[in-house]
Every structure is written in structure tokens, then in C-alpha cells.
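Labels A, B, C and D are assigned to the chains in the order they are written; within every chain, residues are numbered from 1.
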Amino acid sequence: MSALAIDIGTLKLKNPILTASGCFGYGLEYDDFYDVAELGGICTKGLSLNPRAGNPPERICETPAGMLNAIGLANVGVEAFCREKLPTLRERGVTVVANIFASSVADFVAITERLNRETGVAAIELNVSCPNVTEGGIEFGKDARMCGEVTRAVRVATKLPVWVKMSPEAGNIVAVAKACEEAGADAITAINTIRGMSIDIEQNKLRLANRTGGFSGPALRPIALRIVWEIAGAVSIPVIAIGGISTTRDVIEFMAAGASAVQVGTANFVDPSAAKRVLDGLRAHCESRGVDAKALIGAARG
Amino acid sequence: MSALAIDIGTLKLKNPILTASGCFGYGLEYDDFYDVAELGGICTKGLSLNPRAGNPPERICETPAGMLNAIGLANVGVEAFCREKLPTLRERGVTVVANIFASSVADFVAITERLNRETGVAAIELNVSCPNVTEGGIEFGKDARMCGEVTRAVRVATKLPVWVKMSPEAGNIVAVAKACEEAGADAITAINTIRGMSIDIEQNKLRLANRTGGFSGPALRPIALRIVWEIAGAVSIPVIAIGGISTTRDVIEFMAAGASAVQVGTANFVDPSAAKRVLDGLRAHCESRGVDAKALIGAARG
Amino acid sequence: MSSPVLPKRRLATLPLLRRESIGGLYHVLTFDDPEGSLALPGQFTMVRGAEWGDAPLLPRPMSYLTAGHTPSILIKVIGEGTLRMGRAEPGEPFALLGPLGQPWRASTPGRRAVLVGGGVGIAPLLFLARSLAGGGGKQPIAIYGGRSAKDLPLDDELATLSELHITTEDGSRGTKGRVTDVLKELLGPDQEVFTCGPDRMMAKVAELCASRDVPCEASLETPMACGYGVCLGCPVPMTDGSYLYACTQGPCVDARRVDWSRADHAPKKGVTLLRTKS
Amino acid sequence: MSSPVLPKRRLATLPLLRRESIGGLYHVLTFDDPEGSLALPGQFTMVRGAEWGDAPLLPRPMSYLTAGHTPSILIKVIGEGTLRMGRAEPGEPFALLGPLGQPWRASTPGRRAVLVGGGVGIAPLLFLARSLAGGGGKQPIAIYGGRSAKDLPLDDELATLSELHITTEDGSRGTKGRVTDVLKELLGPDQEVFTCGPDRMMAKVAELCASRDVPCEASLETPMACGYGVCLGCPVPMTDGSYLYACTQGPCVDARRVDWSRADHAPKKGVTLLRTKS
């Protein structure tokens, strides 16, 4: 009977399988499929200070082994989340990571302070890397100094663990990750999407109303793996991997590269039980090898 | 009868279909398949001042809808190219774009001067964005100042058109492209590969001896299209698109985004006649719409 | 979001029982579902070949044509995914996620149902017609339109279930013109309309119904990634300025709520290279 | 690179004529090629399902088992591509690029051929054995090894074409042990060896032949992207420090030229999750 528990700093996760922000709603849409409390955790849709309607359609389109999205961070806002979603999640014993987004340091802090008033939030994930909003988002994520600043401000504003989510579009991602570590981040999550585009040649128009959209899915995996490898070699805090993870093999691959845990994103669209499926697969793998999940971390780093 | 000819600055191409460097050898491996002189042009494997053996195996591996390569710029060197490959290409009337690589400005110039002594070179493409070599390569490509410097040095060293090939890993690609334009580049080619990684979980080892490899193929297309769109909107010199192009639809899509021509890369591995196939498809498309190829450029930019 | 009365959703891997090629680009795919699907008319399923691998990646939303132990869908081949479906052989496993979304609302006693459809939009309307026939109420009127005679899949079955009026733009069958030309004549105050088809068609139908104050329910079509409410990729603008998420709050909605202006920039299906390798 | 005498290469889309499942993970795929393949023993083809779409992307290198109007390959299912091949039904179109690479060099008059193979490495050796039989020379010796009795695909046909010696590591058939244990005993000065199989096996065979000064030809296996010499993805280190490109300068090479040290870090095939979705 292998142990699957993983420590992310002071936070103990049941297992290394989480779901990625924006790919799992608020974790309340899965009653017909499985009990999400079984997962290591879920990351909420990105929460902003005020509700956001999001971008006009089309918001998504498919690409080879991947997809583009420009949701524009449509969300109910942190207040409604705390009132309407969190209580149920808390009851059910779901490990909730609040993914938050703002276009100013002050707003990042304001959202954090609202979350401080609640129990049942296990960690805060800073989305400083959303490619689909004009201000804030990716611009923060590309700049080590700004990322450090946001991280530090949130760090001092809360006792909760703070995770910072990296943008793959930063010219020097390792520098950004290190700046966040120095600023007190408890973990680095990588990666967010890379901006892509698609054109409908029948109509000679861009497929997405937002023009560009974030590229995700299996196609993104080799890039994400390289970045996770680079960051895990450069920081001493845990790295949580995201990017095209859809099978048990992928989980093992990212952990071998140095990830302490993973997040399942786009794969949830293909199979609502994707995270549960890879969790079961990981358990079976660990049992068959007679190892604990911890032992998989960095296995390929030699 | 639609006209397919395209002007890249002073250079007139038969048509907008070229083949990408490193994905077409030296253009002499296709006798069994078709006459490469039909193409708008071919870009040679990256040429260095001296021959290079390249990286040890494994050099390649497959990823979802794409692949990774770490060839390490194995090539015969500019001297052998001019002696053994170029004469045949010249005879056959092939439009040859010499893709060159060096780790110093001086060497870029030295290769250029060697090429100046030959006839039958239509243009020089500067690979300042190879992800698979330790010095030079991608570091040049990420830095606008260095790219401008290399471009200017080669620009003054030759009468041949100079194309500069962009790295998608630059934090600010548009700035790099503009710097190259200011430095006298005749065209921008985009994009080169993005570094990726893959791990063999049975053996817990990296699949590529070079650890990382350049990510290419259809999976890369949406990222390449976004970058081509951004660059085409920012510079006034022609942009030549590369990235996952494997069907006629893809050619039309990149041209609609603002590309004046395209290069077919990884698709050649799946079908040696890929470039000829999309050329025939493009011709048929233009005829059926009764338009010249030129008319497709920027069609989606409104 | 989805009201509690709706049947439980599940992802089932089901073998293809048969594929009937019914002319042109149309096929009916029937699956073998021992457990049985409880889908209601107007609901849809996200369909994906279990052996497709990494591409095409996303499942394709398809309205149920029938439910039960042999659930079926009507497909039109327009791209990579439907091409594979239109090529599938019996025994090939498919993953079906469903039933999804809001079904057609119950018909109002005393009102005669008028089904207005175009192309594959006929699938959810046929399902509805069958259940209305079961209900024993007055036989519905159906107005079914296409560009030409070969764009009217399953018209024969529809004829057995309704008072069927056919329109074609080229006049190769039925009335020359559009469904709305016929609807204009037939539409009465004691009726209610259910429509599914191209946006432009539904927009005109909705407008006509609104002008005559006749209830109209429309089934929306928009790209979807997840189909069950988590990606937020399927918003449809409403007249009140809000977005309705077609997969969970739709696809069937009161047509009066929909901001049909979006129909203006809907795909003008014209000369198209099939969205696949060439 | 590839010498002028080699047959013209072509990319042909050929329907699968039949797939014979021959036990375990092994299948023989036979294609219908009206034009006919002129492949020589030891040459290979890059094989890809014409309907695979964007993934898996690259064609898979496979040795010809037979050529002519019904070219065939022997496959072992190990990942996504071979899984699809092992599942293909007659009629499914495949793109075959070939014939590619350097064939086995002609056998030397006066020397008896010894074919040493393991697993699917038997395919090019069977093709060779058949052509030797046609040549009318002395019947070749064949030493064929596998982990167990079920790892010896097509041993029956090989038996009809050679003096066959079988070895299995678990002793479930033939001599318990490795092919080299038998080769040690049989290898004589007037022989020449042709070998294809796991790197570690070929390395030992090459070493033994070198020590007895017997000519040895090996067929190399390495990942390939293009298969025809343009990607430079298939280098194999030579003893002189250079790289040999397996697709055009190989796969068949003089074993003495190969730096077999690479065999040490060759995949130890052990407990494996099949390289596909799970």
C-alpha cells in the first residue's frame, strides 16, 4: 500500500493530482462523475475582485492535439465564490486552491484579504500569466520584478500558502520563478497557456473574437515539461506541473522532471473523470513498483 | 491562369512555397519525388563556417502532433556546400536560400563572404535562433540588440537579400523583428522551434542526448500564426511564415495573417512531396477563386 | 445550472452498432448502449472516437436523434471529426458523454407544435416529433428547408410524424424559397414553434414568432470544448446583455431571450475546402 | 549517399490487404501494391496510416518482410503507431515510403550465411533467407532467439528456409540461453553472419564474429523522422568517431564499423506501461 501524500511546503496534499484553473469550473459540476474530494486538490476558475462577464464569442477553437481559449476570465467574483461555492466545497472536504487574478497589486491583495476571512481555502494561486486580458495578466508574468512585487504583497497579506503561476512567454522564466521564490512564494506552478491564433480561411476572419487565445492540451506538453525541468533545477520550493497532462504516463513524466504535483486541465474536457483516472493510474503504478508517490519526484534528474 | 509569383523585396519568387531549413537536406535528395526547381525556393540545412558532426543520438523524438529535434546543426560547412552541393542546385535552376549559423558576428560575416563568391545563391537566411547549440543560436535570437548587430554586419557584407529567422522564445519578438528591419533585413522569417523536452519513464532518462530539442510540426502552428500576425503588423518588410505548415489550408491561413511566403518543414518528413502538394493545392485554390497568390497576403487583416 | 430533473450524465464507451450513409454528406450513427440512454428530446451528447488519440482532441457536440439502448445521431460531414464519424465501421468504440444540456421545454397544452428545421437541425426536432406522437396530442406541423432536395436528410421519417411542408432554395423540392416563407402563411396564435438550424434561419423564425406573439423555442449551435459547464467556451449573447452558456443553460432556449444579431456574422457556408488534410 | 543501383523510392498510398495476428503482440500486415515494390532484403519502408491525421505524426520505419505486388511487414505492438497498425482492418489505406536504405550486402560465394535474429529482427532475415533459397546456394543456418517460446514470430517459415536453431532465455523452447551461446559453437571460418535484433544481441554477435574474423553484417535500429536522409535524426556512432545515418547509409552495415558501446545504454525493455493513453 503506497503512500500518495505529497507536501507542498506546509500544505499536505492527499495525492499529487490537482485540476487546473479554468478547466474544472468551481469543482461543483462533477456530482454525476466522481467525488472531487478524492483529488489532491482543485484550482478554482480565476477569481477577480468583481464578477467578470468574459470575452464575447467565439472563445475557443481546436488546433492539432490542442485548443485555443480566450475566455477572458469570466468568473462570479471572489465575493460570490465565498458565499455560493466555497461552503459546499468545504462541506465535501475538497482541497480548494483559489486561483486569483487582478490587474493591480492592490486588487491582488484585496482579493487575498477577502479569502483570509474564509476557512476551507488551502492555498492561493496567483495567475500573473493570463494571456487573454488586456491589462495585468501576462504582462505581470513576463516581468520578474513585477512578479516578485505581487508575490511579496500577497505573501505579507495572508497566512495561506501562496503559489505563483508562470507564463511560458517570459523571456527568462527561470529568473521570474526565482524572483517569486525570493518574494516568499511557497510553490511555483507552471505553465499557463501560450498565446496562439487561428484563422477561418472560408471567411478570412480570426476564429477568436479576442484575436489570440491561450494554447493548451497535449500539444503543449513538451514545452511545459522543459520549463518545469528548468524551474525545478533552479528553485528549492516545490514545482507544480501543468501542460497537456492527460494520462498516467504524463503524470509520471512531469514528476520525473522534478514536479511535486501536477494539474490536469484541458484533459477534463475530453473526459470529465480525467483527473480521477490518472489518480487511479498513479496509485496502481506506485503499488506495482512498491514505491510512494514522493519517490517519483525528480527520478529522471539523476 | 492565376499568377503565383511573389516579391520578397528585390527578389522575385516563382511562388510563395519554400522548404524550411533542416527539413529538406540540401535539396538534392528529391530526385525520386519531384523537381524542386518548381518551388519558390529551398532553404539549405544551416551552414556553419566549418563542418559540424552534430549532437550524439538520440536526436529526435515524437510528441503529440509534433516532434522534438536536437540535430545540433550537423552540416558539411559552407565550403563543401559551395563546392559539392551548390553547383548541382544552380544547374537545375533551384532558388537557393542559404541558411547560415555562427556563434559570433565575425563568423556570420565570414560565411557570408564565402557565399558572395558564388552565383546561384538567391538570399541568405540568418539562423539566430537555433535552440540546439550552446553558444550563439537562441541567445542571439532573444536579444533585439544582438540580432540587429548581426543583421547589420551581414547586411553591409553582401549584396544578397538578407532574411532573419526569429526565435519564438524571445520575450519581445516584435522588438527583435523591428531591430532587424532597422538593421537592413530584407525579410523576417518566423518561426524557428521552441525548446521542448521528453522523458522515457521506463528508463527515467531524457529522450534526447541534448536534453532539450526544438519543437516543430502541426502542434506548433497556432503559436507560429500568432507570431507571424504580430510581426506582419509591426514591420513593413515581407514576413515569411514557418510552423506546422502541412496542407494548402495552412498556407492560405498564414498568408491571410500577413505572410508573403511560407516554408514547409516537418511536413516533408511525413510526405517528401509535401511542398509540391501544397504548391499544387495553392495553384488550384487561386485558379478556382480567380485570384493571384499576392491577393491572399493579409486577407484576414481587414 | 442544469435543473435537478435532468437525467444523470455519464461518459460511456459504446461500440458503433451501424452507420447508415443516407446520401450526400449525411450519416446516421447508432450505438450499442446496454445501460440505455435517458436523453430527452433537445439534449445532446459530446461524441469522440475512443481511438482518435490526441487529434482531433475535443469531442463533438451532437443532438440525440434517438435515445434508449440504441442511441443514435445524425451527422453531416464538415471537418476532421465528422469525417472520421462518417467513415467509422461497426464495432469501432466511441466515447459518448451525455445526456447534456436543456431539452425542449414541454409543449403547452392547447397549442399545436410547429417544428421548423434546416439541415442537421432536424435531428432534435425528429426526436421531439416522435415524443409528441407518443404524447397523443395533435400532430405537429413541420417545416423543413434546405438548399436543395439533397439537403433534407430523414425527411421521410418526419413525414410520417407531422404535417410536413418542405422548402428548397433552388426549388428542386417543395416550395421554392425559405422555411420562413411557409411559416409566414401557416403561423397561427394557438401554436408554438420549435426551431433548430442555421443561425440566420432561426433568427428570422424567432423574429416572425415574436411579431405574432407566438412562443418560440430555439436550439443553439456554438463551439463547445467540455459540453458540461466548466470551460465557459460556449457563451451566447442574450438581449439583456448577459451571456447564456449553451451547453448547460441551453442548447434549447426561449428564442425571445437570444440576441440574434450574432447571426449576421455567422458562417456564410459557401465554397469551402473540407476542413481536413489536402 | 544511397548508391545508384538501388530501386527508385516512392510514396504510395496502399490499402491493407490483410492483417494476420500471429500471437502475442505480433501481426503481419500485407498491402495491395498494383505497381509492385522492388524492395531488396534488408531495405525498409516508412509506414503511416493515411487516415491518422496529425497524431501520431511521423511514419514508422518497418523492414520489408516481402516485396512485390503484396509487400508485407511484421510488426510488434509497442506504442501508439504499432497499436493502430495492429488494429487496422483490410481496406484501410496506408502511406508507404520506400524502398529505403541499404540492403544486406550480397552474400560472398563460398561462405555459408548464418542468420542471427531476435524478435521482429527476424523480418529482414526471413526476406534474406528466401532470396538465398532462390539463389540456390547452400542452405543458410539460422539462429533465432527470444525471451520465451511466444517471442519467436514466423519461426515456422524460417524453419523451411534454413537449418534453424532456436534459443529462449526461459528455456521454454530450443536451447536455454542466448543466440550467442549457440553461435559460439557453430561459427566457422567459412561463414558470414547477418544479424538483426536488439542492440545488445547484435553487439555480442559482432564481437564474436570480429574475434573469429568472420564477416558480420548488422541491420541497425534507431529512431527516424524522415527515413530518406534529410532530417539527420538517425546517426549511429562508428568506431572511427563519425556518425553513420542509418536511413541512407544503413540500416545494413558492416558490424565492425559500428561503435557498439551505445548498446549498453539501449532500452532495457522491462515492465512497461504501453506507450498509449491510460
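The definition used in the following text is that contacts are C-beta pairs under 8 Å (C-beta built on N, C-alpha and C of every residue); 3 or more make two chains touch, one makes a residue touch a chain.
Because the structure is a prediction, the values reported are computed rather than measured.
Distance between Cα centroids is largest for the pairing of subunit A with D. Distance between chain centres (mean CA atoms), subunit A to subunit B: 34 Å.
One finds 52 Å separating the Cα centroids of subunit C and subunit D. Residues of subunit A in contact with two or more other chains: 64-66, 201, 217-219, 249. For subunit D, the set of residues touching two or more other chains reads 54-56, 271, 273, 277. With chains as nodes and touching pairs as edges, the resulting graph is complete, every pair of chains being joined. Within the complex formed with subunit D, the residues of subunit A that make contact are 64-65, 246-249, 281, 285, 288-289.
Residues 22-25, 29, 32-33, 45, 53-54, 56-62, 64-67, 69, 71, 74, 200-203, 217-219, 266, 268-273 of subunit A touch subunit C in their complex. By the touch criterion stated above, subunit A contacts subunit B in their complex at residues 63-66, 68, 142, 169-172, 194-199, 201, 204-206, 211-212, 215, 217-223, 225-226, 229, 244, 249, 252-253, 256-257, 299-300, 302.
If you check the complex, the residues on subunit C that touch subunit D are 51-56, 80, 84, 87, 89, 277. Contacts from subunit C toward subunit A in the complex involve residues 1, 8-11, 48, 54-59, 95, 97, 222-237, 242-243, 262, 267-273.
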